[in-house]
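Across the two complexes that follow, subunit A remains constant while its partner is subunit B and subsequently subunit C.
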Partner chain A sequence: MAGAEISVRGLEKSFGQLKAVDDLSLDIPSGEFLALLGPSGSGKSTVLMMLAGFEVPTGGAITIDGRDCTRMPPQKRNIGMVFQHYSLFPHLSVLDNVAFPLKMRGEAKAARRRRAAEALEVVRLEGYGDRMPSQLSGGQRQRVALARAIVYQPRLLLMDEPLSALDKNLREEMQLEIKRLHSELGVTVVFVTHDQGEALTMADRVAILRGGKIQQISPARELYERPANLFSAGFIGEMNMIPAQWDGSGLVLAQGDRLAPPDTALIGTAPTGAATLAIRPERLRVTAPDAPGALAATLEEVVYAGAGTLLIARLADGTEIRARIPSAGLPRLSEGERIGLAFDPDALLVYGEAAA
Partner chain B sequence: MSNRPTPGRLLLMAYVYLVLIFVLAPIVVILPMAFSEPDYLTFPPEGFTFDWFGAFFGNSRWMAASVFSLKIAVLTSVVTVVVGTMATYALMRGAGRLGTLFQGLLIAPIVVPHIALAVALYLFFRQTGLSGTVTGYVMAHAIIAMPFVVFTVAAALSSVDATLEDAAMSCGASRFDAFRLVTLPLILPNVLSGGLFAFILSFDEPVISFFLAGIRDKTLPRMMFDNIEQNLTPVIPAIAVLLTGISIFVLVSAAILRRMAQSRSMPAKEA
Partner chain C sequence: MSLSSFMQPDGRNLSKAGITLLMAPFFMLIGIAFLYPLISLLSISVTEPELGFQNYERILDTPVYGKVLLRTLWIALLVSILSLFLAFPVAMAMVSSGGAMAVFITACILLPFWSSVLVRTAAWAVLLQRNGIVNDLLQAIGIIDAPVRLLYTQGAVVVAMTHVLMPFMVLPIYGALRNIPQDYGRAAAICGAGPLRGFIEVTLPLAMPGVLGGFILVFLTALGYFITPALLGSPQEMMIATLISQQLREFLDWPFAAALVGVLTLFVTAITLVFSRVFRFDRMLGGQV
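And then the complex of A and B:
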């Protein structure tokens, strides 16, 4: 079974004055695992609700497998959906919950029970069919919700922050479980989350949303290593952002350093003028303050955390800069000391004002 | 928390018991009078007999009034449950600002004195020919019983997660099936308990019945009033005992139903 192919064109949703989703276009190829990532209010859930059919767009179009679904009611879309709080039917047994979509499709009772039992096996809950949802743990309820969403073999599976109610260990286990299901079933998955770690771990591609617009849509690695703009850069992981001036060939920092980053460091076309130098904390090394190419800074805090140590330093112009250094081999440093922070040229990213 | 009652607590308990005695005393007084032998009301009662119950069940006029009341009460509870559940669902799952106004109208009869309602209905029904008809009674009783159904159903609906219906629709259920197969079973105990309240309210309702009674058909409470005016025999306390028994039975059933509803929807909510 192949996953659905989705095309979203100029999607828009306004609630009165507020534009929750603003001219959003997106193509999801068959079988992809796409994460919609964003802070609350970014419109990610609204996009999912429009894909599911619970919200009607105020503009634009949604096509699933070539069929226009923009205004189609949810029960006609043949989509599997896992809700944030599982939304199991409390008055039905686990088996009846899972068999519910088959019942709605007019399947005979015996076939229904057999297929529901199979779906429970897929989520590793064989033998739990006779229990009531209230007798299950959070993780088990999540698995039942998954089984109910996949039992009729939909080509598209939507998930609305399905792991946010679980504790950390269980969440990591379920992340792997959902990934396994995705590769086993070949279904297209659209997964909403506000947890960047979850998005990077699980998804083939991650779409970052802010203010109802997609900021960037890329594979996890590219998203982390080459964020398309400062919002993405700051939203995914930690990022040092140092104000600078771009003079056409080099970067001048407020404290006077002049850097010549490689062409690949420039994100988009950077016109001369105000720019931002971005560098990940784990790409920095500690050297002597006067080492060539290193940024001189005053160490303010040393936070030892086992494998790594976090250094918080300040540049002469007051910009805070963080470095995460492997603890092994790190010299003894004391607060207030002058240090140099060195980096490889390929660790640099330069954003012009337009990319802010 | 210590189990030793403080003086304030003792005082409160004494007060609560006094209120209970004040409320329940009339029922306790009427009970023995129903078994008293003389054909006039006496307290304390003299002798012991079941004759007055026999007189009630053996009299065709009493029986006709009981059947008439029963018919109205059953129809009233059906009408209130259906209309009240639909209205409450609409109020809580959709109707925006208009809903507040509509809700006010539905529950207003709880604060409007029944006598005022009765006079208004009397004038209206006299012109429309509904006085004394089953339809008239059911309409009138449905108005006073409605708030009780609205309250019990609203309490149930507020504990049922609205996304359950979304989940059902994502599984392929139509909007109506989502309500019928998911929400309705979850609120059913409260819906039925609202229906039982409506039944009791209609069955012992005296004020409106007094105004709407026709010449031929009379409800049981109206018939009791007539009887008290003419000849006051212990049949009246006997009926009062029967009515009290029915009320207690129905209210206890309603309480059990609501408890069932709670034990069913609570564990699911904690998820």
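And then the complex of A and C:
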């Protein structure tokens, strides 16, 4: 079984004056695991609702496996879906829940019981068929929901924040479980989440949404190492953002330092005037305040956290700058001390826009 | 005794003493205004005019009383079924509509409560009388040539009682439907169920507690209903409440009226027990899913 191929063109959804999804285009190849990541109100759930058929787009088109699905009702789409709150039918046993889609497809009773039992085996819940959903734990319920979504072997699986109701340990276990299922089944997965760690861990590609538009769509590593714009840079992980001026060939910081970042550090259009220097906290090292190439800063706080230590320092112009340094070998530092923060040139990212 | 002895240490839930205190006025009311009269009435039925079951034997031996009882059960059942079919769509619409529309529908349901049952029943008398609007309308569209008797018939009783009792069906069903998360309908749809199939397989079973709750509420109320059958019904086709009233006020036969009350009480108790056994009464009232 191969996954579905999805093409979204110029998708739009307005609720009155509000444009929840704004001219969004997206191609998902067969078998990809795509995460839609964004803050609440970014339109990620609306996109999923339109893929499922629960919302009708106000513009644009959705094609699944070459078939125009834009206005097709959900029951005709043959898509699997896992909901945030499991949405198991409380009046049906676990087995009947899983067999429900097969019943709707007119499959004979014996066959659908057999296939439902098989699907329960896939999610490692064999023997739980006779229980009622209320007798299961949250993690088990989500496995049943997963079994119900894959039992009819759909080519596309949608997941709407399926792990957000689970506690941390269970969430990590289910992340791996879903990854395993994805590679076993070869199904295309579209996964909505507001948890960036989850998106980076699970997805082949992550699409970052904001204001109904895609900000960036790339593999996890690229997303983290070369965010396409300041929003992505600030949204994924921690990022120091230092206001600067571009003088034509280098960056001048407010406190006077001049840096000449390599060409590869420049992202997007070439900067003119106001620019932003971005650098991840874990790419900084502590040196003497007068070391060449290092940024001089005043240490404000030292937060020891086992393997790493977080340093919070301030540049002369008041910009806060954070560094995450391996605790081993870190010299004794005290608050108020002057330090230098050094970095490799390839750690620098330069954006031709002013930080908000 | 300080106030704290009525509370649990958690400061939120009542202690046993607290619960007793809160329930005391209600239990007193029930005791004085319901249990005491009921018990004394029932004791009259077996002690007067002499000790024994002769009053009950009279009910069993006289076919007309059996007929009244059967007719009462039949009308109550009919009213409940009609209410159900009228109420379910209304409850569905209430759940689906939001904002102003939901307020409007709720107001329409509760509006009749602003006037007394007597007024609403009298209104039906106006509508159904010989030269009333219903007769005029039927003649205008040519279904009948001359005015027909609508008032003082079983039909009039059923229609008016359905009108009065329907709100008691709408509210429990609305409660049950509102408790069904929106995602259940979506889950059914994505699993391949069209709107009708999803309704039958998911919405209806989950609404059953509300349906059954509303049904017994309307059915039991209809069993003992008095005003509407008394004002709109035919004296030849009495219901049990009108019969009891007749025995009390016209024939002053208290022991026999008390025996009729005994039979009605027996039916209500039996029906309630059967329902609670078969359909889990506790879950029904909560309207849980």
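Of note:
To be clear about the criterion, the second predicted complex is superposed on the first by the 352 of 356 C-alpha atoms of A that agree within 3 Å, B and C clash if a C-alpha of one lies under 4 Å from a C-alpha of the other, contacts with A are read in each partner's own complex, and residues count from 1 in each chain.
Rule of thumb we're sticking to: contacts are C-beta pairs under 8 Å (C-beta built on N, C-alpha and C of every residue); 3 or more make two chains touch, one makes a residue touch a chain.
Since the structure is predicted, the reported quantities are computational estimates derived from the model, not experimental observations.
After superposition on subunit A, the partners subunit B and subunit C collide with one another. Of the two partner chains placed around the shared chain by superposition, neither subunit B nor subunit C is touched by A:120.
Of the two partner chains, neither subunit B nor subunit C is touched by A:239.
Looking at the shared chain after the overlay, A:190 reaches neither subunit B nor subunit C. In the superposition on chain A, A:4 makes contact with neither subunit B nor subunit C.
Touch criterion not met for A:202: it reaches neither subunit B nor subunit C. By the document's definition of touching, both partners, subunit B and subunit C, reach A:148. In the superposition on chain A, contact of A:28 is made with neither subunit B nor subunit C.
Of the two partner chains, subunit B is the only one touched by A:134; subunit C is not.
Common to the subunit B and subunit C interfaces on subunit A are residues 52-54, 73-75, 78-81, 83, 85, 87-91, 100-101, 104-105, 148, 152.
The touching residues of subunit A, counted against subunit C in their complex, run 52-54, 73-75, 77-81, 83-85, 87-91, 100-101, 103-105, 148, 152, 158.
Against subunit A, in their complex, subunit B makes its touches with residues 161, 163-164, 166-175, 177, 181-182, 185-186, 264-265, 267-269, 271. Contact residues on subunit C toward subunit A in their complex (touch as defined above): 181, 183-184, 186-194, 197-198, 201-202, 205-206, 289. Contacts from subunit A toward subunit B in the complex involve residues 52-54, 73-75, 78-81, 83, 85-91, 100-101, 104-105, 132-135, 138, 141, 148-149, 152, 165.
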